[in-house]
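Chain lettering (A, B, C and D) follows the sequence in which the chains are written, and residue indices restart at 1 in each chain.
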């Protein structure tokens, strides 16, 4: 199926981001879940809570696990989450006496949230690198066009001339701040979300912290003393960040569409798209799509904020709402960075100004 | 890829809708585009604007067309829309002297919007039938539980007892109104969106209306004298309708989660889902997902309303924004109808009240 | 206070609408509540449910009622709604033996919802008249500029020339459809929202329908057999309509800002605003504010759709959310109609094209 | 007028926040604008750009300025901003030779944005103090109820018992993180937004930085080398923060409404509100309103993110959109902190558990 543009065989090339999207394949999702289970078993074994043999058997079974998609679909439709089916399948394969040690002290939300968090830990550096690349390209333009001027425009009318350096600085500064923000939110977003049935790790009693420390280290996540199952501020803050990023890139897109108008002609977009009805027409595609992605991200971000109202120790209502939004919001922001890089590579001053 | 839950191999079984989603496969999308081109050529031939042989050659070529996905991806990433590449490929296959008659008097937006509208024309009766089925099931419950009572609750506290008939009527009445609304919006949504390069059908001069009439009849769409490329109120109204529908079903979901609480026990959900940590626990999955879909649809609907600000004769910014949202909004609302039917089939009064 | 622009002593002149806003003064709100109580008492008296003297005493007391704002504030902060305090005050003034007949068979939501519905019944014709005026002005422009042409623009680039008649038709058609929509939604929006404690009018037993019929007639609302306290589709549909309206006017605003750019100069805005820094600069203020109001209305509309998830027989959560949004959404859309009228009065073709 | 609940003479007591709202009175807004103009003149005088006498005359005139609201309204409706009228009035009063020195090197956006930023600089410590108070109260509850237990609930069903300490920690931790976030965003939000006509301070040439440094110091804002007129990430990030805050408090509200249900009875809300129809009923008003404010803030936050797409050097469209949202979003979040404090003061364990 290709209900969403980001999964669409053709449209994804326009709006999506293959690299970021790859972290949201089911294979990647499942792989992280299994990695979590193995790391949990090993941490528990290291703390003497389960036999070492159990943890190795769990690792072996997870390494060989090949999911029955039909069974997982059916189980997920029934249970609201695939974990009960997955756990049952793996316990069946493990058999006694080790089955009981699998998923010990864990609950569905641990697996799902950990899998997402582990993949976000991989995605964040990609965003940071993209922002660095965007900054570098903008810095290059700033240098090369330093002595060029353009008309400053306020309220859609000509105001006073400005330098291209001033314009480009206004594009670049927010991106630098986004990098700072990313560094700040990272420890809040990448907390280890393991908590057991009701989030308090009660199943492990006084060994909970020790296991959590080992688990966080193994998974590259931030140690935390509680799962925070119902504390969704980290993910909502990240959703805001993605919308901020898409919005700042949308501003660049909006500027380019205006500056590249035929009559305005302050800029040329070298790789503009063609028209099916008017052969010679050149359209500023990447710039337009940046605006679309910015508005899309703003709308989606609101949905994640609605999910902050997470009732009780786990809300099926609010949690499922996140699932509907977070992956595509990541890919939308990823697509925006990709398109912005492409756009900035293809910006030219018109010949009359190059002289 | 499975960036979106509706395209996800496992999650789509929980939140999605296979039937509605099938209209958003690329194959269905393309098939409708080709059907549009053939119908356009035939209407033009019938009006003597192009040779009959051309229209038949076009029909033959479209019937055999097998897209090169890689080429379409590349073209779409460049042009912002797949149509220029599609048209070039089909014209190449047609060869002279017929190539020039293909896509005559049409533009990218005609194909894309017509393809969507043609598929919405198929989807609307599905929604209507689902609403009828929901109404029938609610009517059945209303009859069977007519003499049963439950506690009325206001502001999350017990108020006065009410009849189940009163409760169910409050669930059913909005759904009936949604059917009425659907009938009202249909002629606005299903208008023929064909207009040529700038939407005024100027390419066909005084034959435009005659061709439009034939085309609308062939495609089962509503005749209109202009394409309305930049008039997005029809699609935004439909987005609102989908959010209204999801919202009304979300209200049923919210009621069921509350009434099925252990301590409240006014209702039993017969097919509740299981837990990975607590074997005996039964969760009201469908009810919760209904709430999630309602909040998701509300957020997405706002995005489509943003796209009403559609600058000039065609806005790449606003139009692309619709593409990111409309298909998944349809599937979200479709999934909600599916889950609501399942939920209502599985509602039981507790034994103590069945007596 | 002037937290909101629509209540701000200065900004309201820019973005607001004095006429529509007047229906949201506390005086107007309270007046409608009292009118509801009097009409309810008279309907009950006419049906022999309460003494005629009681209904006349109630009418007399309501006519003289002068609220203690401090008491109402305190009561509202405590009870979440002003009605308990209002009822107590009026019952105290009435004294026995009539006090018991005041607010008989009614609940807080009846008063609040009825007051809103009664005022919406007055506001709808204003919107309809504004739409008629906008249509008339657009019709005038269409006639006067019929033989003028402008550049059609797609994806922010020049496409082919179009007639002003075509452009204006694309502005006018959605507004005509909005009038049709308004007629369709009216009977769903203006239903009598009276239901008693849990919405089923159980307090009045078999006289409920007769009282409801009298009450609806007296208040100019549509008879309904249930209050529909928890069925919020009527108000959410209206919120969508307001956002559709604001969005269609925002599209006109967006077009005007683009067409009035210095370099494009297809249009002149005769009453553009001035700048504090550049004396000669003329800004297309009304056009810009139309876009802002469109985006604002789209965001607010999403909030009202969230309130469709209205748990149980009355949700303090969802209902309060409506209060935060609906009045300002009405005024935003009202302001948009006002600004659009002003803008359309001040549109001129540049001299070069007038010739 | 009282279009908005936060300006409503009665409702503001329920949902609003008098203290935060006071910073959004027109008087406060204007006072800050005048303070900015005086500080600007003094900084320019100190740098020898304008005569010292001019700066003193400006200070004197600003101190005595009494606005003509009717004139400001009219000017704002025309110019889209009150600044041109304000500047003309003050220049007229100043007379020559000083008039020319007033508002020198400044533009409308400088005044409006500076006035907002200066008031946000006052509001941030209030939020921080409220968060501290909420944390303290939660810490107190955590200590007092440390050995009490309640039923943990997941997916709206009973899971396993948890400690109140665990529950309260899940309420408190996000608030602590919000304080951290506030400290992080502060230097981005409170940047000096002064830039002149097109934001580059070109009017002041090589004295721009020196004047900016003096101005920032005088106003308590953060020095910046550019105005950043079109860089709206600071305000959008703050909007997100307000929605995060309201969302985390809405989660507490949701939990309390569920735990205070008659049948659940894990909590008692000591100051619940009364009903107009059922005298003995006690409603968890503050808890419900917290949920409403959370959903409202999430919707509004999306609107501010839409305003990130700020075209050119100043966008009337995007900037006006911020005005419609930011003040009420501040007051909504403020109201939420006020209500949360009230709610937490009034939470009690039922007698059966106090024992």
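Assume a contact is a pair of C-beta atoms (placed from the backbone, for glycine too) under 8 Å apart; a residue touches a chain by one contact, two chains touch by 3 or more.
Since the structure is predicted, the reported quantities are computational estimates derived from the model, not experimental observations.
When the C-beta pairs in contact are tallied for A-D and for B-D, the bigger tally goes to A-D.
Note: the chain lying farthest from chain D is B, by mean C-alpha position.
Chain centres here are Cα averages; for chain A and chain D they lie 29 Å apart.
Chain B and chain D have Cα centroids lying 39 Å from one another. Among the residues of chain B, those touching two or more other chains are numbered 80, 107, 154-156, 159-160, 197, 253-254, 257-258, 275, 277-278, 283-285, 288, 291, 295, 298-299, 302-303, 306, 315-316. Listing the residues of chain C that touch chain A in their complex gives 154-160, 257-258, 260-264, 275, 277-278, 281-285, 288, 299, 302, 306.
The touching residues of chain B, when paired with chain A in their complex, are 1-16, 21-22, 24-26, 69, 72-74, 76-84, 86-87, 103, 106-108, 111, 196-197, 253-254, 257, 271, 273-278, 283-285, 288-289, 291-293, 295-296, 298-300, 302-303, 306-307, 315-321, 323-325, 327-328, 331-332. Interface of chain A with chain D (complex): residues 80, 107, 109, 152-156, 159-160, 162-163, 166, 169-170, 173-174, 177-178, 181, 184, 188, 197-200, 202, 226, 228-234, 236-237, 240, 243-244, 247-248, 250-251, 253-255, 258, 291, 294-295, 297-299, 301-303, 305-306, 308-316.
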